[in-house]
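Take a look at these structures.
Look at the two complexes coming up: chain A is in both, with chain B in one and chain C in the other.
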Partner chain A sequence: MSSTIAVTTIDTGHEDMIHDAQMDFLGTKLATCSCDKSIRLFDVNLTTGSQNFVTDLKGHEGPVWQLAWAHPRFGNLLASCSYDRRVIIWKEREGGKWENEHTYDGHDSSVNSVCWAPPEWGLMLACGSSDSSITVISCIENRWVHTKIANAHTLGCNAVSWAPAASSVGSGSGDVQPVRKFVSGGCDNLVKIWKEENEQWVEDVKLEGHSDWVRDVAWAPSAGTTRMKIASSSQDRRVIIWNNTEDGAWVPEALHVFEDVVWHVSWNFVGDVLAVSGGDNQVSLWKKQESGNWECISDSAKTQQQQQPQDHRTL
Partner chain B sequence: MFVVKVSTQGGVGSLHALSFGIVMDLQWCPRKPDNFITWSQEISLYQVEDIDPLRPKQSTFKLSETRAASLVAKIVDLAFPKVVDGYPGNDAEGMIAVGLANGKVVLTSFGSTIISKEFVPKHPRQVNDLAWNKYSPNLLAAALDKARSDYAVAIWDVAASSKLVNGFHSDALRPAIELGNSETAHSIAWVQSKTLLVGMNGKHIRHYDLRDSQPKLGSTASTKAIYGICVDGSNRVASYADNQVFVWDIRNFEKPFVCINHAKPIVKIGWSPTRSGLLACLEKESSFITLHDVHHATLSTEEGDPTVLERRLTPVYSAETPTAGGFTALSAFSWHPAEENLITTVTLAGYLRNSTVFERVTLNWSSTSKLGWSNGKKIIQFIDNTDGIYATLDDISIKMKYRANAGYGLKTSLKDNARFVEEDVDLLTLWEWLDYCRILTDKEKYRPSVPLKSDVIHNNSFEMHSSKTYRSEERAFAQQICGWGSDLNDLSGSSTRRAALSLFHLKLRQAIRILNESGHSIIGMAIAGFSDEKNSLWREMAQTSCPNLDDPYVRAIFAFLTEADTSYETILNEKGLSVADRVGFACSFLSDSKLVTFLQELTNEMVKTGNLDGILLTGMTPQAIPLLQRYLDITGDVQTVSLLAIRTMAADIPSSPQLQFWIERYRELLDSWKLWEQRAEFDIVKNTNNPLLISPPEVTISCNFCGKNISPAGFGGLNRSNQLFNRFTTTNAKVKSSCCPSCRKPLPRCAICLLHMGTILASATEPIFDPHKTGTSPEALSWYTWCQTCRHGGHTAHLQQWFQNQIECPVTGCSCKCMTLDKVIDFPV
Partner chain C sequence: MEVETKSNYGKVILDYGPSGLVIASVNKDSNSTASVNKDSNSTELRVLHALHLADNPFIKHFMISSSEIFCKLQEEANKLFPNTVPQSTVASYSRKYRGILRELVASFEEARDSSSASLYYNLEFVWHFCEIMFISSNPELPVLPYYSEWIHLNFDDSKVVVSHLEDELSEMDSENAKKMWGVIFKLVFHGKTKEAASYLSHMNPTNSPVVEEQIASMSELMRKRPVYHPTLHSVTNYERAWSAWKEEVELRMSHRIFFGHEELLFICKIMLGDDAAFENAKDKIDSWYEYLGMTLTYKYPTARPGSLKGHAKLVIEEFGFHDPANMVPMERVLLEAMDYNIVSVLRDMQLHWNYPWFTLHFADLVYCNGRFSSLKDIELESSSVGLLRDEFILDHGTTLMQHATMWQVGVRYLESIPDRGGWPVIKECIQRKKALTDFDTHKIISVAERFGFSGEIHGICRERALMKLKQGQKQDALLWSIKAGDGPLTTHILDILLVDGTCDIEQSLLESLRNALPCADRLLFLTGFCDFRKMMDRKDLRGAVSQLCHLIKENLIPTRMADKIALNIQHFKDRNTTFEDWQVSTLMEFLHTRVNPSEVGDDMFQKLNSVLLCNRAEGIVKSLNSAKIKLVK
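Coming up: the complex of A and B.
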């Protein structure tokens, strides 16, 4: 099967460790960020798959951890968060010029994760910080408003991920006003779901299951489905899938215990395949089989990975 | 000095891990990335190469699955080397500095058999540490034990007095700089080309500045952690003592910013040279290396230790490596100078192993089905749906994209949509069935009467046991929907299905004939032997062998013939039969009350399993929504449900948030695939099927004089879709107004032909352009268009013609470059 693997390799030109790479909604733009404090933007040619370096965004004074593209209906907006305690929202102006649209510096420590809310909620962004708080930043009538959740995760928040907009539609109830929700994971080994209530963010559910830092959380996208799922990965080498049952409870389901820390989890667009990256430098893909078990359907990506270090040498 | 050259053919041993002998420490050569040095009593140089799986060399030591090392040379006659440091300069490749127990520092090289230089202190004592300056490679610093009225630190400029010659003259050079009279230096490290850190006297680290001729003492940190000083970047420093590791910021040297406690005493520490902030620590007699990611140390201003991300690296030694008490104790490690995060470890018994410290791999799955991850420092890798892996994923979005591209769901005839989903029998059947039903319902408008009332027919004339069947208009219609037409000669499907259906219509002979004709004569014969006798051998045999038959329709045939009572549960619950056939059967053989119960149960089951066959029972009514939702939950096929919604349930869309939700998701999906045309077509079909879904126009054209909407009055409501563009269209025969309907003032003129807006375009009947070429329809050519900036405009055809040769606006005196203002973006498809 390895003969059919068509891996596109992009040399980002960063001077230090890459921390994130994000493709925009249309797949025409790629943004990468790194320990070298910079963000680099690329145009992706969809027919050839090639990419051209466009520009780099400099403004952070520390490693840039994560990036997030806003929905294109708001224009080209990119959010970044950094070790320098700041969140910067970059906007593309006329003529392809990128400018700092907004800087949020209300955190006391490294900001580890940013995630835009579903476009239905308007321009709204959640960011999690090592200072144990989470901030929801939203743009209301062209003003940026910040709502802070203090003490969201003791010792720090590592990841945030929004629930899809219509997750509460279609559960049969019909006209219920959808509730805005997001999930976060932190150094207190907890996964927490937050919901907006009377313009305040309150803890909705606290999910206990991990025995070490939660490194990443990912709310499964909903392509029209009513199933709600959250994947969480942890320093404890485990990935847990949290399934929302009809009575609203969240039931944990162990995906797998890995060899090493599990850094990231990411769902495909339909939310039925989960990609997992671990400390053993392997990327694996998991799908729920009809038997009800999650099975690794592809470890080809990891053989690719293992071969890769040698390619480095020749580069 | 005696260097042993080792011939590569000389060694004995297998390709598996082989002991290098006792190894005290090791170091990768700074300038030759495929060489490393190990030392204990003797100093050995090894060359690393890729293992050629076809021609394994016997004399090599395996470092990893792909790399092996072979001994190149040995230095055997230096008395007790304590520390070795490879020369970081370019000019003398392979030169090393060796610090001996007697205080001598020897410069030598594996390339020559002769000592290049020797530095001898006044008083003999042990050399504790050596450090070449990588910024100024001619500077070598040595940390020595205490001696009365002698210095603890000696710095030599190896290039100063004489060139590195290969002649034997052990001129005991004087150090260029000496520091710390009558003191002890434990470890030493260069920060920059002229600044130096020295751990001294067991109690402090001193920061010396050597830029002036007179060395200056900079800041001093009081600490017992004076061993293993090493520098990361320009400011970050680590040192250890006992089982504590401290990380310092040189700019704020009073106290360490991180203190890490270990369970056992530390043996060696070292920063990764390829990645900032990654510190490796080896504890005494442990089988793993602890890695501290100091980058992740929080900037916490609160009291207490900031957390440093800690990981553990256990080198995987092969099974034949000798272990001590079940684990392989490590004695030393060395980072590779260039290869990303490669670390080589050696056990107490001298076994080496390469390991890679893997970085956090970022991972993102984009909405366009691209999965990207980082690989090492600078590389991002992607796979997309062209990749073979994607085929194994069976990702529905790929299928949906393909089908959307082909025009799935938008064909005028419902049946034509089936050919896009040929690989999916359920979907195929559904589209065909919907088409069939549309024709059927178009033919006769049927209103079911409630409650169900049927006539009972006792079939005594039948060749088999007396059976009861039920008839009513409703049942007949339902059977028609199930494809159970009254004409038995017109059955479709497999021969066994046709035989079974004939039998269910109580035509035993026809069933046997069909079976015989289709090569199932054995079954036909078996059926022919049918006996109504309750205890006959035939019945007994048929009943026992029935469950073993493969074909569900054959099973149904036997079940029907051997059924003891009239509940027919075996047939009704036979999952192998199509839902349509089960319903058709029930309509014939179940009593009114039983039929209703059966249908309800079956419907519930269909909804629960999201089985599309259940549409037969729910119809494309709001009742089908839970079933479709379930189907969607299982398959993720938002495309089919959206298409079904707009094709067959358009009237229900405004009242169902669920349908709206599916449709929105699907439109979003089409957007993300940039299938704009398909989305537009989808919207057109949706809006044609239910004009209520057309959103009100967001733009109106207002009169220049009175500011009122110039659209025809009284317009709006249901029929506006027909009129939406009529006001611009002059090609149709309708009389168009060229003045405002409210104030009767004339509308603006076309800048080219000077006629009022709304007048007929003279040349409209003969398009000036080939419409295919311009991509504009003939109707659109006669529309009125205008520049968003200068507000001048005219007939589209005229303006297109004008701007073919002109850049500026056609209105005299207006220099607006209308055509170039709008950025035309070509989206690749």
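Coming up: the complex of A and C.
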């Protein structure tokens, strides 16, 4: 019973290469950012295929690398990070106008990654920079507070991703974790887990497994899974799944060795399917089967055409 | 050191969005031959969106029907826990699932979607066989009744053929006679000898008395063939009857009763289990499982379910219907079922169909029945079945949760996973439901309340409040923000509401606000001001003034409202009503310290001032007069 894949093409109108595209939490808004230093917003309806350009946000002075939508309970908030060393938080005001809510320019080099924390922890985000540091920016009583982690990754930090707030381990109702954590990947080939301790961020675990720069990290949502896991992708063409065991250790599991550098990894919202994209221009979806092996359930070749239900009449 | 590789070509941007979609941007790379789309523009995005299965109305109806069956079974299982659901009950549920599968096939056939019809036809075919092996049949009793029924249901086209020949039955030409014999043979192969016998009377076109006699003899044999039924016969009695019947067939054969009639001789030999006749029958049979059915019917009528695999292998290998290596996946599933290998059946069905409908519902049936855990000699990984069931429910439930209207069906599945295993998915999914109307939002909240997801309820209400505010529906936004228990947002919305100073809020809203937990000072002002307005409407000036003074004393009146509130003083002019000294003083102080004369206008300010002065003066006069009366007395 394969489902049909529909493809919607959106001409973003950017004047240069796109570096990131993010749907908001409810799947109704799309934000794109580009080397042309701008961010463009669209209202989209994928069921009908409609798309309306909303606005473009100008404020960065260099290529914009990544975007992140905050949880809708905080209103329409979008964070962006750029080569210009800045992180800008944009907010939609009444009347639909988007404004710069806050600018953080405390980094000394390109800011490569930005990611909002789970909403249970309030309005908080982490950003990683080529200056080796990571900053956690929090909004506390309408004030923006910045906590820097210096020398998080020598040579630069490329990616950050937050742990889910609720753990499904041993509890179906999902108790909120008392300790806030996030994972980062950097040019030191390392994946690191950071935890908050006495209002400071300290290194919790160092995960060694890649032999080249770590390009992306993604902490899996815990909704459909029993144990925590992190996916990391690297210049070494590998994707590693780090599985958290009962005794707290993180055990690596190689997903696959790809043809080219793997740029991005992204979990579905339940945390049981991993999307991987690489320099070979291929996108593949991976799922752990009952046998315990990760298997590719879909790749670019299949998604290029509409899939039809297979005919099994002949036995 | 800068991250220089960001500008490299060949990078695909990825976001596994909330609706299970992947966004991929293909950047122009003339050097890459592996490009997903070579002609793409680097500023174009391709959004890949999986259309939901339930968008098809037939599938949607099918999924709703199957969820109803599923939920009823869970209710029954829960009632009987810790006992399992009886075999007969589980079998009846299995037949219900097959019933809706057949309805779905019929719907697709009617819509001329032969591909989908075929898909679900095959699903029902395999399901039925698995039902026989894992649910209906008893491993210690003959399997033939169930097997024959399965074969006959799926391969009987006698009614169709006969209906086409109906008008010509009495006078058939040779071509039609051939077709009719084909029908009769098929019925014999399927063990439906009584039905076959009913058509034999049409097969004497020349009205030959010899043929008539032969047909009558064969019809009698066919009708007398014993058919095993588990509730009616013991195996021993059946075997005895079967042997007796076989002997009679052999006797008539040896007496050459059917001599000269090719077709009747063929049927007789089939019924005797003659190998040469079986070999000839291959040309008239479509599949090895039909052939297997014939083998069981006439050679091994009391074969147990556990021996099916051995007979099947013989049929497949010796008679060469299929090279086992070239078997289609469904045939492999049938053989795995014959091995009682439920885990392999489920895994292969999941792999083959890439969707858990079959595996989930079938695993659930086996799980609820639980009988294999108590049967000897059958190695059934019953513990694995439970785990697989939960996995498939999670998969199916999550898929349903992503649908705009089917998500509540998904909730029903997810909450059936033991130990609240599905709750995290429900929690995650309901946050992402796009509620287009307040009604939709209330539906989502009612589900969240059922599971005690208080955080999510607050979040959903807050989002709704923000959305209403954006749409300019401030009073609705206020209601939702109060529901969210969000003090700062409520204050913000109230400030917006009060900005024009008219406090034009619906009475019913104010009433409901009164009962709500006061989470903002603005709320206290509004409820108090509501009382003030009601009293003014009732011309209860004393009460109104008292209420207003209370608001002033408690410092509840927002600054920007002071001017507008003060205008009400002009209505306090009433010769018959004088206020307390302290009330007049309070109002006077309010007028002179909080109200901006330039805002209300100098004339109005004077007017308000004089109303208070006059009231004070009348109060003094009244008190002097009453003192004078006392003195006089």
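In this text, the second predicted complex is superposed on the first by the 280 of 315 C-alpha atoms of A that agree within 3 Å, B and C clash if a C-alpha of one lies under 4 Å from a C-alpha of the other, contacts with A are read in each partner's own complex, and residues count from 1 in each chain.
Convention: a contact is a pair of C-beta atoms (placed from the backbone, for glycine too) under 8 Å apart; a residue touches a chain by one contact, two chains touch by 3 or more.
Predicted model, so just to flag it, every value in this text is computed and none were measured.
Of the two partner chains placed by the overlay, only chain C lies in contact with A:158; chain B stays clear of it.
By the touch criterion stated above, A:23 is placed in contact with chain B and with chain C alike.
When the two complexes are overlaid on their common chain A, residue A:75 makes contact with chain C while staying clear of chain B.
Of the two partner chains placed around the shared chain by superposition, chain C is the only one that A:96 touches, whereas chain B remains out of contact. Contact with chain B, but none with chain C, is seen for A:108 once the two complexes are overlaid on the shared chain.
Using the contact criterion defined above for the overlaid structures, shared-chain residue A:85 touches chain B, although it does not reach chain C.
In the superposed model, A:280 lies in contact with both chain B and chain C. Looking at the shared chain after the overlay, A:227 reaches chain B, while chain C stays out of its contact range. Of the two partner chains placed by superposition, only chain C is touched by A:259; chain B is not. Residue overlap on chain A between the chain B contacts of one complex and the chain C contacts of the other covers 1, 3-14, 16-23, 25-27, 30, 32, 35, 46-47, 63, 83, 109-110, 130, 155-156, 166, 172, 174, 187, 222-224, 260-261, 263-270, 272-273, 275-281, 283, 285, 297, 300, 304, 308-310, 312-313. Against chain C, in their complex, chain A makes its touches with residues 1-23, 25-28, 30, 32, 34-35, 44, 46-47, 63, 65, 71-73, 75, 83, 92, 94, 96, 109-110, 112, 119-120, 130, 155-156, 158, 166, 168, 171-174, 187, 221-224, 235, 259-261, 263-270, 272-273, 275-283, 285, 289-291, 297, 300, 303-304, 308-315. The touching residues of chain A, when paired with chain B in their complex, are 1, 3-14, 16-27, 30, 32, 35, 45-47, 49, 63, 83, 85, 108-110, 130-131, 155-156, 166, 169-170, 172, 174-175, 187, 222-227, 260-261, 263-273, 275-281, 283, 285, 287, 297-298, 300-301, 304-305, 308-310, 312-313. Put simply, chain B touches chain A in their complex at residues 66, 275-276, 295, 298-301, 307, 311, 339-340, 342, 356, 358-384, 386-389, 391-397, 626, 629, 632-633, 636, 638, 641-642, 657-658, 661-662, 664-666, 669, 671-672, 674, 828-829. For chain C in complex with chain A, the touching residues are 1-3, 5-8, 10-27, 29, 32, 34-37, 41-53, 115-116, 118-119, 121-122, 125, 287, 328-331, 347, 350, 352-355, 357, 388, 391, 394, 398, 404, 419-425, 427-429, 431-432, 434, 451-452, 455, 458-459, 462-463, 466, 469-470.
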